[in-house]
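Each remark here refers to the structure printed beneath this line.
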Amino acid sequence: MQKQYDVGIVGGGIIGQSIAYQLAKEGISVLVLDSHKGGTGATSAAAGMLGANSELENNDAFFQFAKESQRHYHILRDELSELSQINIQLVDKGMYKLAMTENEAKVLKKAIEDYETLEWHTKETVLQNEPHVSDLIVGALFIPEDGHVSPTHVCAAFSKSASLLGATFKENTPVHSIKKTAANEYTLSTPQGDYLCSKVVIANGVWSGHFFKQLGLEVSMKPVKGECLSVQGDHLNLEKTLFYDHCYIVPKGDGRFVVGATMIEDDWSTTPSLGGIQSLIEKVTPMMPSITSAKLLDTWAGLRPQSDDGKPYIGQHPEDDNIYFASGHYRNGILLAPKTGTMIRDLILKRKQNDEYIHAFSLTRKLTQTTR
Amino acid sequence: MQKQYDVGIVGGGIIGQSIAYQLAKEGISVLVLDSHKGGTGATSAAAGMLGANSELENNDAFFQFAKESQRHYHILRDELSELSQINIQLVDKGMYKLAMTENEAKVLKKAIEDYETLEWHTKETVLQNEPHVSDLIVGALFIPEDGHVSPTHVCAAFSKSASLLGATFKENTPVHSIKKTAANEYTLSTPQGDYLCSKVVIANGVWSGHFFKQLGLEVSMKPVKGECLSVQGDHLNLEKTLFYDHCYIVPKGDGRFVVGATMIEDDWSTTPSLGGIQSLIEKVTPMMPSITSAKLLDTWAGLRPQSDDGKPYIGQHPEDDNIYFASGHYRNGILLAPKTGTMIRDLILKRKQNDEYIHAFSLTRKLTQTTR
Amino acid sequence: MQKQYDVGIVGGGIIGQSIAYQLAKEGISVLVLDSHKGGTGATSAAAGMLGANSELENNDAFFQFAKESQRHYHILRDELSELSQINIQLVDKGMYKLAMTENEAKVLKKAIEDYETLEWHTKETVLQNEPHVSDLIVGALFIPEDGHVSPTHVCAAFSKSASLLGATFKENTPVHSIKKTAANEYTLSTPQGDYLCSKVVIANGVWSGHFFKQLGLEVSMKPVKGECLSVQGDHLNLEKTLFYDHCYIVPKGDGRFVVGATMIEDDWSTTPSLGGIQSLIEKVTPMMPSITSAKLLDTWAGLRPQSDDGKPYIGQHPEDDNIYFASGHYRNGILLAPKTGTMIRDLILKRKQNDEYIHAFSLTRKLTQTTR
Amino acid sequence: MQKQYDVGIVGGGIIGQSIAYQLAKEGISVLVLDSHKGGTGATSAAAGMLGANSELENNDAFFQFAKESQRHYHILRDELSELSQINIQLVDKGMYKLAMTENEAKVLKKAIEDYETLEWHTKETVLQNEPHVSDLIVGALFIPEDGHVSPTHVCAAFSKSASLLGATFKENTPVHSIKKTAANEYTLSTPQGDYLCSKVVIANGVWSGHFFKQLGLEVSMKPVKGECLSVQGDHLNLEKTLFYDHCYIVPKGDGRFVVGATMIEDDWSTTPSLGGIQSLIEKVTPMMPSITSAKLLDTWAGLRPQSDDGKPYIGQHPEDDNIYFASGHYRNGILLAPKTGTMIRDLILKRKQNDEYIHAFSLTRKLTQTTR
C-alpha cells in the first residue's frame, strides 16, 4: 500500500484551509478532511474582527504573533483574489474600544504608553466621528490598525486556492482515528475509508479535544458558545468597529452590522437560545442606542475552542514529530489563521521559526501549568 | 369590449382567497389580483390562532360571527384537503388565558358566567396539565374550543382549490384604480393591463385604505405592526395555547412554538426591529420561563389592518351595490376568514343574511361614529 | 465509575429516534448521540414515501416487514401527536406505478396476482383520476395502501416524544469509538467526553460503515446519493403519488410536489450537482408534462446507506449480544423506521421475535453471501 | 398644505436609488417610494454584468452612454464606500464573448475594427487563460473593460448613502396615482397617505407602464422574465465572464458563479419555472462543460422592463417638465444605473446635457416609431 499524501489535515475551517493553502503553494500534496462541508462551524459563526490590539492585553509573544497575522491579511487579500477570484472583504478602518467609566478610561489609556499607534479619543471626538455611539461614554481608545474580514470568504478563498494548487478536499468525512501504521505513515480512518499521510495536522477546533486524548496528550479543549445577530438600517451610521466588555458591533461591507457575542461555557449546541439573544441585545444597546430601531436580519451561534489558558496550540506532538496541532484559537481564530498557516508550514518544511512563538503555543506548556 | 369576470377580488391573502374559493364553488368566474405573490403579507405573519373566546370579550354579533367562523374550519379542513390535497393543520386542543393577579382572575372568571363551555382552572390544575407554565400564575381560564391552523396552509389550500374550480389568480399585479366604466362593468387598472369585472371585492388588508378613499368613503385603515418569533426545544412541553396580555405561545404541529406579537402603531415596515424582538422576549418569558433555553429559529413581522373601532368592514359600498369590502380584520384575519368568505358570497348571490352581521360590519357604522 | 445509560444509540436520524422512542416508552434509559443536529441527513432529504408495494418486488420477509411498518404509521400518528403535539403528516391516498410500454404493463399486472389489494387501471381510468399524468402511458398499477409522511416531522415527533419520556439526546456529538470497558459496559468516546452504556445500537446510516469495521465485521455500507427538487403550482392537480423507473412525484400536504431522486453511487457530497438536477428534470417531465411550468422551489440531496444486497442490517453483533445494528435502509429508511424501532426494542427486551425477520436482516447473511 | 419634497422618486431599485443618491449629494430633498422593500425586484435578480461592449452592438449614443456609465462605477466604488461603508464588489477582469462557429467568429472579429481595446483570442489562447471553457469554441472576443458588480450591494450603497445625505426612503409604499395638484406640486397617492413633491421621477421598471399610461403617454413597457441560477465548485476555475448567445457565466467575488438568463416574454411571475431552469442548464453546459459537476446553490427570476425598441426612457414628459421617466432599462439596468442617475440629476438641475443622449432616450422617440 502506497503513501498517498504528504500531509493530512483534519478540519476544513479557516485554520485547516489556511495551512492547506500555504502547503499547496509549496508543492506539497495535501488532503483536507472535514466532517461537514468545511467552513461551516466556528469559522462561519465569527464576525471576522481583526482585533489584535482590542482582544489582547499584553505585549507578549502572543500579541506579536497576532499583529503579524493581522498584517498578513493585506498580502493574502491580493494573493487569494488572484488565484481564486474571491475577495476576502478586508476592511481596516479601525476600532473604538469604549470606556463607560473614568476607571475604564484609565485602564485603556495605559495601553497607549505601550503601543504608539493607539490614540485616546475624547467623548467629543468619538461622537463627532461616530455620532451613533452612546453619549454615556467617557471616551474611547482608537486602534487604527484593527479591522475585519469576511470569515466565510477567507475560508472559501483559501479552500479554492488550495484546490487549484492541487490540494484535495473531502467534505462529509469525519476522521475517527489517527494511527501510525508504518514509518512515516499515518492512517486516518473515516467512514469513507482510510487515508494515508506522512504527516498529520489536527485543526478541527473544539472537536480536536478527542485527538489530543487519543494521541496521549493531557490537553483539554472546551467550547465557549458564542451567539451573534445581524441588523441593518439605512440610518445606522458607523464606520469603525465598536468594542465594549467582550461585545462588539462590526459594520460589514455589505450593509449589515454584526453584533456578538455571548460567552456560554460547556454548551455544545450551535443554535442560539432565546435567552442568549436577549442578553446580547441588552448588552449592545447601551453601546449604540439607535441600534434598537434597526432591522433584525439573522441570529446564529458557534463554538469557540478554548484551551485551559485561552491560547492556541500550534506545534508538534512532543513525542511524535509528524503530528501537528493547530487548534484552541478561542476568540481569535480569524485573526490568527494567516500566521497559523505559515507557522505550521514552516514547521513541516523545517524552516527557521521564531522560538518565542514555538514556546508560546507549545503543547507542553500546558503540562507545566497543570502541575501547579 | 366584453366583460371578463363576474367578480374581481383585490388581494390574494387569506381573506381574498377564502372569498374566491366560496365563489368558485358556486360556479362564478373569479379573478384574484395580488400585488405580490399572494398570502405573503399579514397572512403569512400570523400565528394562526383561532381564539374567538380569547380575543373577543363581548357576547355580541362580532363574537357570534367569530364563533361560527371558528367552527367552519372543521368543514373546511375536509373540503380543502379533498380538493387541494393540502392539510390546513387544524389543531383544537384549547387555550389557557392566564391570570397573574387575583384581579385578573376575577375578570376572567366572570366570562364563565356567560359561556358555559369555559372553565376556571386553578394554578394546581394548570401546572398539572402544563408543567412549563409559570408558577407565578394564580390560575387560568380554560377555553376548550380555541385552537389554531397554519395560515399559509389555509391560504394555499383556498387558492389551489379555487384555481382547480376555475378561478384565475394573478400575482405581481397591483391594482392602481377601480373605475365604473359601464353598467355592471368595473375596470381594474394594473401595470399588466386592465381587467373588467361585474363586481369588485376589496380584500387587501391594510392596503385597502387607498380604495376606501378612492371610492369616496371616509374610512381609515391603519397598520399595527406585529413582530413574532419561533422557538423549538425537545423538552418544551406545551399542549394548549397560552395567552396573556396580548402575548401568546402557540404550540404548532411541526414542533415549533410561535410567540407573538408586538403592537406597533403606524409603522409600515414588515421587518422586525431589534427592540421589538427584545420587548417580545421580555413579555413571553414570565408566561413560560423555560422558553429562555429554547432554540430561537426565526423572527418576522406583519401588518394588521386596523379600522377605527377594531372591527372589520364586510359588506357593500353604501352607494354602489357592486363594490364590496372585506378588510380591517386586525388581529382576527385568520379566525374570521371562513365566515368572511361565505358572507361575501351570500351578499353577491343575494342569499339570506344575518342582519346583525350586516350591521356589525357595515361600512356606514363608521360614518355614524365619526360624527359623534 | 458508574454505568450511565441502559442503551446508547449512535445516530439521531429517523431510525435512531424510532428506536429511542420505543425504548423510552418501556422505561429504559436511552442516550442518543448525533454528530450534527439529528434528522438532518438522509432523513430530511427523503420524500417520505411509504411504498412497500411500489418499492419492493418480492413477497418475502422483507416485504412483509415493510407492510407491517407501513401500517404501524397509523398507530404512531396518534401516539406521537398525543405526546409531542407534532403531526407526522400521514397521507394514504395511494400510488400509481406507471407503465409506458405494453411490456412494463405486463410486468406490473403480474403483481396483482400476488397481492389482492392491487388494481390495474387503464390509461383512461388513470387520466380520469389524475388528468395531469402523461397521456403516453399505457396504464398504471394502483396501490391503494401506499402513501407518505413528512420525514422531518416523524423524526421530530420521535425525538420530542422520546425526550419527554426521559430519553437524552445530544447533538454535535460524533462517536469516534465504541469499546467494551467492563462486563455490560461500553464506552462511547466523543469529543464531549465518554459515555457509558450497557448496550449500544448503531443507527447512523451510511456513516455506520466505520463501526461495522471497528467492531470486526466484514460488512460494507456505501452511499447512493439522491438528488431531489420540489415544485409548486396552483394548477398542478395530483392526488396520488406517481412512480416510474425509480423516479417519483409526491404531492405533499403543504402544496409542494417533491420529485426524486437520482442514484449516484459512491458520492459523499450532500449538495445537488447541476447535472444531477438536469437529469432529474429530464426524467420527471415525461411522467407529468405540465410539471414543466410549475415553480421550482428548492433542490437538495442526501445519502442513502446501501448494503451489498440492498437490505438493511437489523440485529445483533454475531459475537456480542449487547451490540445492535440498525442501518443500511437504502431507499426505505422512512418506510422501515417504525418496525425497525419495535424490532430492536424487542431484541433488547428479549421479547419474542419473528424468526424470518431475524434471518432476513441478520448481519451474518452478508458473510454467507461474500463467500460465494 | 405645504410642499414637502423637491423630488419624489417612484421605485427604490438600483435606478431610483442612483437618482436619489445624485440628488441628495446636491442638497435636494428627495423622497423614494417603493412598493416592497427596495432593491428586491429586477435589481436583486440581475447578475451584475457591466457589459457595454458585450451587450451592445452599435457604436451609437446608447453605446457611448453605456461606456460612460460603466466607467463611472470606478468613481462610485470609492464614493459609496466612503459614505456607506458598503463595498459594491466591482470586478473588472474582462469578458470573453465566445464563438462556436467560424461565422460567429467573423461577426465578433468585425467589432475589433471599431473598438481598439477589443482583442481576438484564438481557441488556444482562450483555453490557456480559461482552461474550463469548452474546447468546441473556435475563439473568443476578449473585452478587457467589461466586468461586474453586485447589484444588491450597489443598490444598498446608493440607498444608504442617500439616506445619510438626507434622502427619505419609504418601503411598502406603492404609488397608485400621480396628480398635479397645484403649480409645482404633485400629489403621490399611496395607502400610507399622500406625499407632495415639486418634481416626480418614475423609475420602477416594468411597473412604470402604468404611469406612462396614467400620464397620457402611448409608451409600452413589457416584462421579459429572466431565470438565473448559481453554482459553486472548488475546482471551477474561471476569471473572466463568459458570454454566448444571451447566456453568461459570471465568476462572482464570493466564489459563486451566476448563470443567466432565460428570456420569457410577457410572463409576470418572479419565480423560476422547472422548464426555465432546464433550458438554462442546457444552454450553459456547452459553454463550460465542467459546470455540470458544480454544486447548484440557488435559482431565481426577475422581470426585465422592455420598451418597444429595447432602449430605456430617460427624460422628461413631453408636456410636463416636472415629470421625469427613468425606466425600460431591459437587460442593462445595472450597467446604466450610474449614468441614468447623473443624467436625471442634470435634467432636474437644468445643467448642460449631451443632446445625443437626450434624443436617444427621449419619450417621444417612441411616438414617432408607432406612427410608421
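In this document, chain identifiers A, B, C and D correspond to the written order of the chains, with residue numbering beginning at 1 in each.
The definition used in the following text is that contacts are C-beta pairs under 8 Å (C-beta built on N, C-alpha and C of every residue); 3 or more make two chains touch, one makes a residue touch a chain.
All of these numbers come straight from a predicted model, not from anything done at the bench.
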Using C-alpha centres only, name the chain that sits farthest from chain D.
C
The B-D interface: which of A-C, A-D or A-B repeats it, judged by over half of the contact pairs being the same residue numbers?
A-C
Measuring centre to centre with CA averages, how many angstrom lie between chain B and chain C?
38
Give, as an integer number of Å, the spacing between the C-alpha centres of chain D and chain C.
48
Where chain C touches two or more other chains at once, the residues are 269, 271
Within their complex, chain B touches chain C through residues 81, 84-87, 89, 91, 93, 153, 156-157, 159-160, 163-164, 169, 234-235, 237-239, 251-255
For chain A, which residues are in contact with chain C within the complex?
35-37, 170-174, 176-177, 189-192, 206-210, 214, 221, 268-271, 303
Applying the document's contact rule, which stretches of chain D touch chain C when the two form their complex?
229, 231, 269, 271-278, 281-282, 285, 291-297, 299
